[in-house]
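Both of the next two complexes hold chain A, though its partner changes from chain B to chain C.
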Partner chain A sequence: MATDIATLRDGTGALVRDNRHAVSPGLWVLAWRRLTSDTVGMVALAIVAAFILMMILSGAGLLAGDWNREVGVNYAPPSFVDVEAPATATQQTITTTETAPAGTEYKSTIVDPIGDVIEKLKGGKAESPPAAVQPGAAEEKSVDPLADVMADIRAGKGVGAAVKPEERKATLPLGGDKWGRDVLKKTIKGSETSIFVGLASAAVATFLGTLFGALAGYYGKWIDDFFNWFYSVFSSIPYLLLILAVAAVLQQKGMLTIILILGLTGWTGVFRLIRAEYLKHKSREYVQAADAIGASNGRRMFIHIFPNISHVVLVQLSILVVAFIKSEVILSFLGFGVPVDVVSWGSMLNEAQNELILGKWWQLVAATVAMATLVTAFSLFTDALRDALDPKLKGRLGA
Partner chain B sequence: MAAYIVRRLWQMLPTMLGVILLVFFLFNWVGGDPAYVLAGKISNQEQIDNIRRQLGVDQPYWVQLWIFIKQVVTADFGASWSTNERVSNILMTRLGPSLTVVVPLVIIATIISIGLALAVAYVRGSLTDRAVMIVCTIGLSVSILVYIIVFQYVFAYKLGWFPVQGWGDSFWENLFVYSSLPILIGLVVSIAPELRLYRTFVLDEINQDYVRTARAKGVSENRIMWIHVLRNASIPIITNLMAGIPGLLLGSFLIERFFSIPGIGREVILAVERSDFPVIKAITVYVAFATIATNLLADLTYKAVDPRVQLK
Partner chain C sequence: MSNTKFTGDPLVSVRNLRISFRLDRHTTFEAVKGISFDIPRDSTVALVGESGSGKSVTSLAMLGLLPPENSIIDPASEVLYGGRNLLALPIGELRKLRGADISMIFQEPMTSLNPVFTVGWQLEEVLRLHMGMSGRAARKRAVDLLREVGIPEPERRIDSFPSQLSGGQQQRVMIAMAIACEPKLLIADEPTTALDVTIQKQILELIADLQKRHQMSVLFITHDLAVVGEIADYVVVMRNGEIREQGPAKAVFESPQDTYTKALLMCRPQLDRRPLRLPVIDDFIHGAGPKNLEDRKRGIKPNDAIVLDVRNLGKSFYSREGIFGKREFKAVKDVSFQLPKGKTLGLVGESGSGKTTVGLTLMRLHEATTGEAIFEGRDLLSMSPAEFMQYKRRIQIIFQNPYASLNPRFTVGQIIVEPMQIHGIGNSAQERTDMAFELLNKVGLAEVSFYKYPHEFSGGQRQRIAIARCLTMKPDILICDESVSALDVSVQAQVLNLLQDLQDEFGLSYIFISHDLAVVKYISDQVMVMNDGEIVEIANSDEIYRHPKMPYTQRLLASIPKGWHGQHSRAND
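What follows is the complex of A and B.
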């Protein structure tokens, strides 16, 4: 009922067609038509859909399930690059590190950036039990509290032993990492983590923001005051600081933790917009009509008003997905995100940072390109979605 | 005016109290007994007991809250759990390096963004406009981490144009030697989103009647853009700018970490890595207070920029 009225109001074309008793297209049908006529938006949608399909396949174990296998030699270069054939697997890291020029041309106040890399690599070797674990298990810090965990994980999955040294490939499609794992598979697996965290935490944040916004905007009075106070408290702490503070308090790492951190801290923007929408809609005629036929508050809020503002929610959701994917990458990079046995774009960048100094650029490029492609496509899709759902805005916001 | 400021200051109190409550809830309730955290880093039982007494962990929650409020008001958070340095001392000494990077960054980024936004909005819809917007969108989608890693590697490590990292004692050396690459990276990262946003603000103004009037009476295009349009577009720009400043202080934490700049942001990361709760608590509370204060400052700036604004 409410949607029908809204359709007549929103879709001006619908009124014209109505005299032939044809079914008038609703908001979503019209929006879909506008979206399909937007070439950039459709290409972006296709890319996003491909990434999500990849995430689902990877999550189901059909794709890159064996990313953890060390199929290539250490730092196997990408197949399309014609570089020197890597020497025997384990020795390569040491030689490269030692021959790398030291960046100490500046004054003594400067800390040598490779200094700690070398330390890490050496530390990793020193700590590893001989033969059982591959060198470099302790990758994070010189004293790695998770070294045992890593060792367990690797031993449990039988990693390393799976492929005999002589069977290791000299090159891999997108190169290999420090342990000779396939960067292509790592990128796919990392996409799964990053996209899933982005989608799930955006869903949590949008849900909270919508719920709070609906309550505040619809009921007004002290409920509105309370949620406004809550909003001003949350929004006065800079977002990243709040995330870091929560990460410091929640000691255990894991996908669920990071989804909760991002979701519980990121609802403020959604709240502001949804509250404004509810304020606008609650006194409109169709809500009064719903009141007159005896609809309860909850029914008016979520059955009558919500469909009319759901396009705002959808656009906010996709904006948040992009923001959260970026945040997840930073958090995981810093080591506050996903656990060590889970690969994400952030943890790949963390490894890539040290690899770059050794001249191994492929993991950095793979993670960066994958992330940039998805984020660009998602941003363009969001713009197209916003234009399609709210044609009045067209050309005003963004590119 | 004075009455307005006093009333606004009064209205800040509930928000500040809320921030204190939120931080308290996080660290004293969700965080659990600090003895668990401390057990790993301080072996001296007496010291742990001291801290527990100071925090009042054995006391009921309202006493703990009262202790925390006293700490906030007197700016005395005790000593860091990791380094034993006074927290107030940490805050004071880390502020300078952060500002050395952030202040020039904000000034240069704002000037460039506004200039480009006016130029791009002036030729809106053209190939240049679309090309710049596409570059911005793609530039935005690359993680800040990648910019830092690549720039540090290429410009400092490979080419040697800048020091790889470090920080000195002299202000000028810090500003011109150690801060230049961090500021350059900050510019690359912050201009893209600002330009996109400011362009929409300028576009909102550029089709207004007063622009047509000015053009009709023969005002030069430069004057129209820089005086007429810019002044009207400045309110949303100021809002955005002011709202971003406290975050920037922190937002540069990745840069500070990579370049070993002893600033607030790097301190936060170190504190989170070491579970150094007093430092995180102090920084969170004071940065939040700074945010609330800049909001008021932004409102007062509107009045100065636009006489039509009524402060009520």
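What follows is the complex of A and C.
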């Protein structure tokens, strides 16, 4: 997206300054016109734009900044699910220490292997004053990798976010999670991570793939051999294993790590395509003509050839964004993703695993629907983009 | 050649054919505007026109090969064959006719044959599908067909793949496939345009011979009037989707009625005349007629100043063979010549003769293997790239295909300003822009072109842009690599006139590379004939065309289509 607009400016920017009215529409402008006449593509673009706007607002702290606040009761059901759910929830609010009837039933019938862990955490979370003592003791016994995070939560956000039990809402628009946090806000906040990771890692991967592909395709010979060897090595290692290896090397969790992991492993497809494009274009007559007028290798590569293949790059970029949003979700789901104090759609799905056993489906649905909508819209947009930039259409325009 | 028989009903008659193309949702373009003509039995009809005249569209429509999604054929149009309207036939019926009654050969034999099947397999497929022949019978017939179209050793060649045959042989195979089912009508769409002149002659003779032997009709589509003169009984001249003139070949060639036909006949450089300026279409349509018809003197004198001295130029390409071995292919062998200032050296030869390699090597777009090129006392080929940079602008090249040599993502302004930026010509962006405007005027383009993209221009205009790009660097030597070959005859004349004007004004020296012997004869002072990377003969152009010394040159010159007059004299034999 961002690239699209930027390139539009690149293509015509210089000319618009000179003479606005005499300028013919460039190929980008024509492509944009074709894109705007594609209804599906425009709807998809609107959805994508809405998601990105949401991501930016959330990133700026204007939206869902308080996603951490435990505003509802534990597992508050969505507002649109009515009748019995509020009843149990009210009971839960009143008798926090006592188990609700539903809970008892569940406890007696199913043996939960991590039941006591959850119970412990629940106790620690819900009742703030006694919990303050517990972690201290735990720390002395064993090394807790999350100690800092827990302390953080407790000291700052956790305590601040705690809402008195009486003020907690029985239902939330899209329901609440284990701690009564608003799933809607979590989804919005999660989009920030997921989309940002998707965009940034796709940008890294596309940049690497384009650069390597340009060098390999343009220069050929041993440079091409080298990059091909590099490509073969990279693509011969199973994808997940490679991600684990990079994750192990980088040694820390966080958004930057995921971006690097995905960026450093995802360039291969782009490389292959861009290399082929450069191979094709370098022997074209317009490049020979550029050589004849004395343009240097770099100038030929990036000023003469690049604008002619930039549509391929753009389409690759958007395909990768879709793939990486999914990858981020998968990584977070597997636990290699973002740290626990950051929410992403993947970590939501991870939490949803346990919740689903309890019949609390709303977090799963919220994250899945959000992701599916974005990914579908983005894919449809990519299709429309590819059609709009189809070089075959150029001939029809030219003739 | 028989004269056209107008008796009896024609084999095919086209009535009010009107075809439009949908460009986008709101605009359509009328490519063929209600044309009518007949194809008599047992004769050759030539459909002549420049690009965009609708000649190919007409032929595709006759076979129902137009893409249905964006083409609209007017319901009143008719193509009558054997009492049936081909345009209204259901696709199944039409498919039975295609290949069997009406068959077609295309321009590019290399792309018309499937590269992964042997030619025999492809030929036999036609026979099996349309004639219902069994495997053995089909193979026998295929060998006969290959023999008929003049493929040597047909028993062996039947198992070769298309890539193992030369361009001329591939076109022969295409013709064999087309005549396999004894069609009544053969449509040949520019069948010789992609071929060398000697091969073209053979193919034309083959088609004429087959036409007579099988008593079929041929619809021959071409832009080249000289070729038409050689083989047509009946000529239809088209322009912009309309028929300008039609009639028996004799009438059209000897007393053309239409101004456009007259212009077409005049625009083409003639072998026996060399006017100061070539007449262009506009001279006929707007003006009183061609001007400046007196002959221009050509040729070089011994005391002409030499601008470029090429000695023993050689260029080898290497292909890998085995693990360590490599095979040398000598594209250019020991070529030496001198280029006088302000003169034109024509470089002719068939494809593979190494003429383009000479041009690219002199530009250092290819690295020379041996030899030197002395320019202002320095050897261009041995100096370092940094040193060569300042000489680079002095030698420029105009490529063959104006559709490929301009960057489609640059505006014309960017294209022309780019070399000035690289070489630091002009002090400011404003100065460069002004120079660009000036050059656009010089090559005859409107100033507004500066803001347009190459795809908005026609072939001839694009070639002007390419010329303007070269002129920014004020070169001493301009290499024209088939620069007018891809252009229509009328546009070709305009570009040749422009090149001549520039030579007269700036004293440029040209190396004019072309396979088109008539064009080379027109523009060159000296002609160098190349074959297999070697110089066959080099002499003043009038001299070489009048008295070719070497057998190869003689053979080459004999292959030039002579047009109507050539056929006329032959018919009287």
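Simple rule for what comes next: the second predicted complex is superposed on the first by the 296 of 399 C-alpha atoms of A that agree within 3 Å, B and C clash if a C-alpha of one lies under 4 Å from a C-alpha of the other, contacts with A are read in each partner's own complex, and residues count from 1 in each chain.
Everything that follows uses one rule, which is that a residue touches a chain if its C-beta (ideal position, glycine included) is under 8 Å from a C-beta of that chain, and two chains touch if they have at least 3 such contacts.
Just so it is clear, the structure is predicted and the values come from calculations on it, not from any experiment.
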Looking at A:Asp291, would you say it contacts chain B, chain C, both, or neither? Reply first, second, both or neither.
second
Answer with first, second, both or neither: which of chain B and chain C does A:Gly176 touch in the superposed model?
neither
Output check: A:Leu349 vs chain B and chain C. Expected answer is one of first, second, both, neither. What do you get?
first
When the two structures are overlaid on chain A, which partner does A:Phe336 contact: first (chain B), second (chain C), both, or neither?
first
Once the shared chain is lined up, is A:Ser232 touching chain B (first), chain C (second), both, or neither of them?
first
So, A:Leu244: does it touch chain B (first), chain C (second), both, or neither?
first
State whether A:Gly263 touches chain B only (first), chain C only (second), both chains, or neither.
neither
Once the two complexes are aligned on chain A, which partner has more residues of chain A within touching range, chain B or chain C?
B
In the superposed arrangement, which partner chain does A:Gly213 touch: chain B (first), chain C (second), both, or neither?
neither
Chain A contact set shared between chain B and chain C covers 396-398
Residue ranges of chain C touching chain A (in the complex, touch as defined)
23, 25, 360, 363, 365, 389, 392-393, 396-397, 399-401, 403-411, 413-414, 418-419, 422-423, 433, 448, 450-453, 455-456, 466, 469-470, 473
Note: in the complex, chain A contacts chain B through residues 103, 105-107, 109-113, 229-230, 232-234, 236-242, 244-251, 322, 326, 329-330, 333-336, 345-346, 349, 352-353, 356-357, 364, 368, 371-376, 379-380, 396-399
Chain A-touching residues of chain B, taken from the complex the two chains share:
14-15, 18-19, 21-23, 26-27, 30-31, 37, 130, 133-134, 136-138, 140-146, 149-150, 152-153, 156-157, 160, 163-168, 196, 200, 203-204, 246-247, 250-251, 253-254, 260, 268-269, 271-273, 275, 277, 280, 283-284, 287-289, 291-292, 295
So in the complex, the part of chain A that touches chain C is made up of which residues?
11, 14-15, 18-19, 22-24, 26-27, 37, 284-286, 288-295, 299, 304, 307-308, 394, 396-398
